[in-house]
Amino acid sequence: MKKLFFPLLIATFILSGLSHYMHWGPITEFVISAIAIVFVAGFLGKATEAVAHYAGQRLGGFLNATFGNAAELIIAFFLIKEGMFDIVKASLTGSIIGNLLLVLGASALAGGLKFKEQKFNIHLAGQNASLMLLAVIALFIPAIFVKTEHIPEKDTLMLSLIVSGALILAYVGWLIYSMITHKDMLEDQEETQPAHGEEPAWSKGKAILYLVLATVMVGFVSEWLVHTLDTFTTKFGLSELFIGAFVVAIVGNAAEHSAAIMLARKNKMGAAVEIAVGSSLQIALFVAPVLVFVSMFFKDHMNLIFTTVELAAIGVAALIATSISRDGSTTWYEGKLLLIVYAILGVAFFFV
Amino acid sequence: MKKLFFPLLIATFILSGLSHYMHWGPITEFVISAIAIVFVAGFLGKATEAVAHYAGQRLGGFLNATFGNAAELIIAFFLIKEGMFDIVKASLTGSIIGNLLLVLGASALAGGLKFKEQKFNIHLAGQNASLMLLAVIALFIPAIFVKTEHIPEKDTLMLSLIVSGALILAYVGWLIYSMITHKDMLEDQEETQPAHGEEPAWSKGKAILYLVLATVMVGFVSEWLVHTLDTFTTKFGLSELFIGAFVVAIVGNAAEHSAAIMLARKNKMGAAVEIAVGSSLQIALFVAPVLVFVSMFFKDHMNLIFTTVELAAIGVAALIATSISRDGSTTWYEGKLLLIVYAILGVAFFFV
Amino acid sequence: MKKLFFPLLIATFILSGLSHYMHWGPITEFVISAIAIVFVAGFLGKATEAVAHYAGQRLGGFLNATFGNAAELIIAFFLIKEGMFDIVKASLTGSIIGNLLLVLGASALAGGLKFKEQKFNIHLAGQNASLMLLAVIALFIPAIFVKTEHIPEKDTLMLSLIVSGALILAYVGWLIYSMITHKDMLEDQEETQPAHGEEPAWSKGKAILYLVLATVMVGFVSEWLVHTLDTFTTKFGLSELFIGAFVVAIVGNAAEHSAAIMLARKNKMGAAVEIAVGSSLQIALFVAPVLVFVSMFFKDHMNLIFTTVELAAIGVAALIATSISRDGSTTWYEGKLLLIVYAILGVAFFFV
């Protein structure tokens, strides 16, 4: 697999470009660009990790944390450029619930079938739960206020900007807290070290070059993918909500999925949880608010008001993931529960 | 009391039959059949336990788990046959909140007045909390989606069937998990053993015969009881919601109530919690979804969409019961809190 | 500061009276009476503590608990007399979220910047969480039932009275539980003792005299303050909700704020939590229901139905405060999180 990565990366990237510029038809284009994005996102992930390695522990952790969802951020950027706010919000929703339910659930199930009980740092689990709650609150409060009190559009946008600012502040605080002031309290006892400690395959210069290259590639493929979505939804009659929340989100998070499951099978559940919960926290506390600010540079501005069903899905996913991970251990059955909730949400979104 | 059980069982059963066929008037019929159902449900419970004893630990546990709410299932069957879906859902709601608030609350209060603090397996409490949350989510999600997105009736039914299937899958997984793969982790340290270990009074053949007999008797009395509800509600002006959620639910769960309180007084709080929380989990994860499938055999089909007030009641009951039992111990005051929430819900349902 | 307290108390009280009777204009009157109420509320707090000291531990604890929010109770009394129910409910909401988010958050942040982790009794934290949940449930249930089922005004009032009675019952039970039957289980290991154990500066007779005097003074200043609110809101265009929830609530709880932060800086986080969480519990379980009963003596009766945004704010504050304090420890970042949620709510209320 490792040997084939680069050939496949380049092949799918070129094929995706060809299909886009030669108009092979929306479905073919969608399928090829969806496969390509998995590879370029994986490439971006590897390059980020390598650069992070050379940057030293602190700056490296920060790079990992902020570039971790770069693919989603770039896909969303092109969606915002096209004014497709509904799909943006649906895909943010999908990323959050996908990480909390599908990634965490599949990891706990895969790991739990091999090990009876998998433990991880209980302090981190508690902190994650509180942060997740903050994210849910920050998305719920403006929505409830706007929906029940009929706040005018201008004030809604201002409210969205302020709440977004508060979330980014919370995220920056979290980076300082978890990487500097309370680093020791939140670490697994040796478990997560190997995940970050591996010697990267590339030299420093190569790593930086690859990071730039990967970002550019993700940018191109994202734009090609986004262009197909419109026709794609009309052909299959699927709602934008379903496409955004399940198709775009699963494709955009494929790298996280495989990494977390592999770690769980090696009994490094702490690292798997960090990927799953950490990713969804990043999306809620960093990607979503940044996108609100980004949209200010375009003609149409995006607010932070999600639909009721999106909020319900996020709230429900946060609740059950928190309830299951709070005790600092998982079993196969808890993984299965998370997957069942994900399936229920998937079916419900499908019928909307 | 033990000596009088069989005479009273037979007497109330015959009286209930007589009142039904001789039309003694709806109120008399209701009162007599309500008393009779307490006895036949108790008989069914005893017979199930005896058969479970002979069936061996695993199959026995399964029998206990699935026959535990047989009385409710049978009552609900006759209500569905009559198309009284509102009362079915109200009585399911009532069973869930009755077990979580009234049974658990009365047990914790009764036990807590004798013992300062009563402890039980903290692992089981955590698992119960997550399962309860799954049940709440599975009932909330379709309701929120249907209510805010105006999903057509046909899709609502399909969504209900799929969610019901997912719940039954979760329930079967739970049986495998708690009885086979993680049995040791979830057991009390000796506490619950005696409850199951007592030698049954009846031989194997007699036990099976009694199980069949009890099921038939519950069937008859349930039908007689259901027939009176209609006139009964119109006479007293009580809403179907109140009748279903409080009258039917209290009558149908009388056996659990007395068993749990008796166990709590003997400081076997773990077993009392298992009855209370286990029963409500069974109703939400097994009885309710099975009834949705059962209704497919009749002309009118029942979906899984509960009313807003029913969902609020279930959500609230699950939250407070979980918050109180999560630490693996109860005190008299926690019991009182649960009873106060039950009273508040009762009053609120009464005013609807 | 201590030496200046009495001169400032008397000066601000007299100034406030002068500004009221000589009509210095609503804004001047508001500012002066807002400053004066901070001092008279502080005076009332000191007098209560002194009388509690002489009354012995049990009666003293009770006095402290019930007089602790006397200032809010008196302000609310005058608002009810004027029929300003919306401001009353907004200020109750503001007191609850102010204590749970602002007081607790500022304490945890102030303490956390000095100490890495501050621990307190985990039993008490769990009990507080369950009680807070009861309070939230008791406010949510009538609101949900009334809003979805269109219950007539007369029944709404009856439901409010019954729920209020249930809450007062729960509060009295809590006093018995925490001060008599389970006192030992809920105490910090020595931490909170000094807070209550200090020798009061006044003799018994003086303390009682001061308690009466302080109550009278709070009464006067409250009335003067309430009189200015009307004009004040119209001048600045702020909603009654914002005025009640933030201005009145912050002014009315100033004493608690400073006390809790000082305790946290002395590493007595247990006592700080008790002030913050205890105060909000008192408001929800005692002050709010008592006000419903009090309103029965006036022409217009106040029910217990809060608006959707108020309920959302209370629910959200209770959830995050519970999530953060449940593990029996706080850090600076958890304090920051609470303050961020408070800021988000403040902005949202401002835009209503």
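For reference, chains read A, B and C in written order, and residue numbers begin at 1 within each chain.
Criterion: contacts are C-beta pairs under 8 Å (C-beta built on N, C-alpha and C of every residue); 3 or more make two chains touch, one makes a residue touch a chain.
Just so it is clear, the model here is predicted, and its values are computed rather than measured.
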item	value
Set of chains whose contacts include both subunit B and subunit A	C
Same-residue or different-residue interface between subunit B and subunit C, half as cut-off	different
Angle of rotation relating subunit A to subunit C [CA atoms, steps of 5 degrees]	120
Approximate Å spacing (C-alpha centroids) for the pair subunit B, subunit C	41
Contacts with 2+ other chains: residues of subunit A	none
Residue ranges of subunit B in contact with subunit C within the complex	116-117, 307-309, 312-313, 316, 319-320, 323-324, 326-327, 331-334, 336-337, 340-341, 343-345, 347-349, 351-352
Of all residues in subunit B, those that touch subunit A in their complex	126-127, 129-131, 133-134, 137-138, 140-142, 144-145, 148-149, 151, 155, 158-159, 162-163, 166, 169-170, 173-174, 176-177, 181-182, 185
